[in-house]
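The structure that follows is given in the form of structure tokens.
As written, the chain order gives the labels A, B, C and D, with residue 1 at the start of each chain.
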């Protein structure tokens, strides 16, 4: 599945998107953040406070317990500051 | 004192302003309407429902019991419909 | 910083972009500008309107608007306010009134613009006369305009 | 009649007068147009801001805005809505966002514009980064923006 990062999540990880293949036990958005955080220092930094990170599955806001099965695109970003 | 009329009050009376000298027993805005209403048919028509007529003394909204002594300009008009 | 309010009563149309520019140009302390334009509708309660004629009480109209602008400025932290009210004969689709409010933050700009429109409708000495196929008739004041004003005295 | 909403995300500035004209020209059923412009301030919490850079999530940003516009149209009788959100680097005094709402009556136009701004602030995937003498920093979300959204779910 494709994973996208925005704002300081993107800056900390150092890339704006990538394709990942998490194992089957990574079921939810929260699981995916925990799994991504173990990919290295930059990821650990980006996800050090997972509760403040927002997520979207296929461009719709979701909570951290949302199931990721079937998702084409999952995005992680800080709280929004538009408008 | 000068009296001004606006909108359908003006149209019914047939003039936009005039100078009047009511007797001393005409103390309030309400008294003045009653007194004006006796000046003729057009006035009687304009003031036939005095409770819906609004008034201003020297360009400030007043109630019908406002005292007219000292007023330079008194205006009568229907409820406002601007904006 | 609060700029001196602009209050104009005129027959001519207004240019919203120019009025906003006059309020904001050269300033970097304004975060929000709200504009309200009231427009002459071509149909009222199912009846086609050919034109609207607006009459006002010169002198008092400007004074009432200025009084309400001062009141808005004392309630909300506003950077500037402009109000332009047209008078004379207006066709459907033409502008009637413009209220512009500027502030650092959006809530103040929105609240002040609504407050000013509610007060203008209920208290500013303007009167509308409609022309339709049935002839000309003075527009009746709507009781819900008085209700709209009443909500500002509760807060 | 409700015109198809205009939703644009662009680097270029917008022209409020042109956007209002696009919404109202040739129509005589609109009685009220409310515009909200959000502007880049030169000072935030006492610190001078040199510029703001806006990042967005292409695709989702447009979809979120469209979803909120639909929601506004189902809540209020709107004649039209236009929303333009700029992205990229903006200097103090420059426009950031435009929300335009048109309706027969002013209450609907005001309420819908406020609703749309509250939702844009809290839910549309845009992020601001500020440049100041201290360097660059991502703007923190403000908790009162979430509170502003919450009021619309009570009514």
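By our rule, a residue touches a chain if its C-beta (ideal position, glycine included) is under 8 Å from a C-beta of that chain, and two chains touch if they have at least 3 such contacts.
Keep in mind that this is a model prediction, so the values were computed, not measured.
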Trace the shortest chain of touching neighbours from subunit A to subunit C and give its length in steps.
2
Skipping subunit D, the chains still linked by touching group as A | B, C
Determine the centre-to-centre distance between subunit A and subunit D, using the mean Cα coordinates as centres, and give it in whole Å.
26
What whole-Å value do you get for the distance between subunit A and subunit B if each is reduced to the mean of its CA atoms?
72
Subunit C to subunit D, mean C-alpha position gap in Å, rounds to 22
So which bits of subunit A are touching at least two other chains?
none
Multi-partner residues in subunit D (2 or more other chains touched) are 38, 117
Every touching chain pair, please?
A-D, B-C, C-D
Flag every residue of subunit A that touches subunit D in the complex, lowest number first.
4, 6-8, 56, 59-61, 75, 77-83
For a test of understanding, state which residues of subunit D touch subunit A in their complex under the given definition.
38, 54-57, 59-61, 63-64, 85, 96-97, 117, 120-129, 138-141
In the complex, the residues of subunit D that touch subunit C are 15-17, 20, 24, 26-43, 92-93, 104, 106-107, 109-110, 113-114, 117, 148
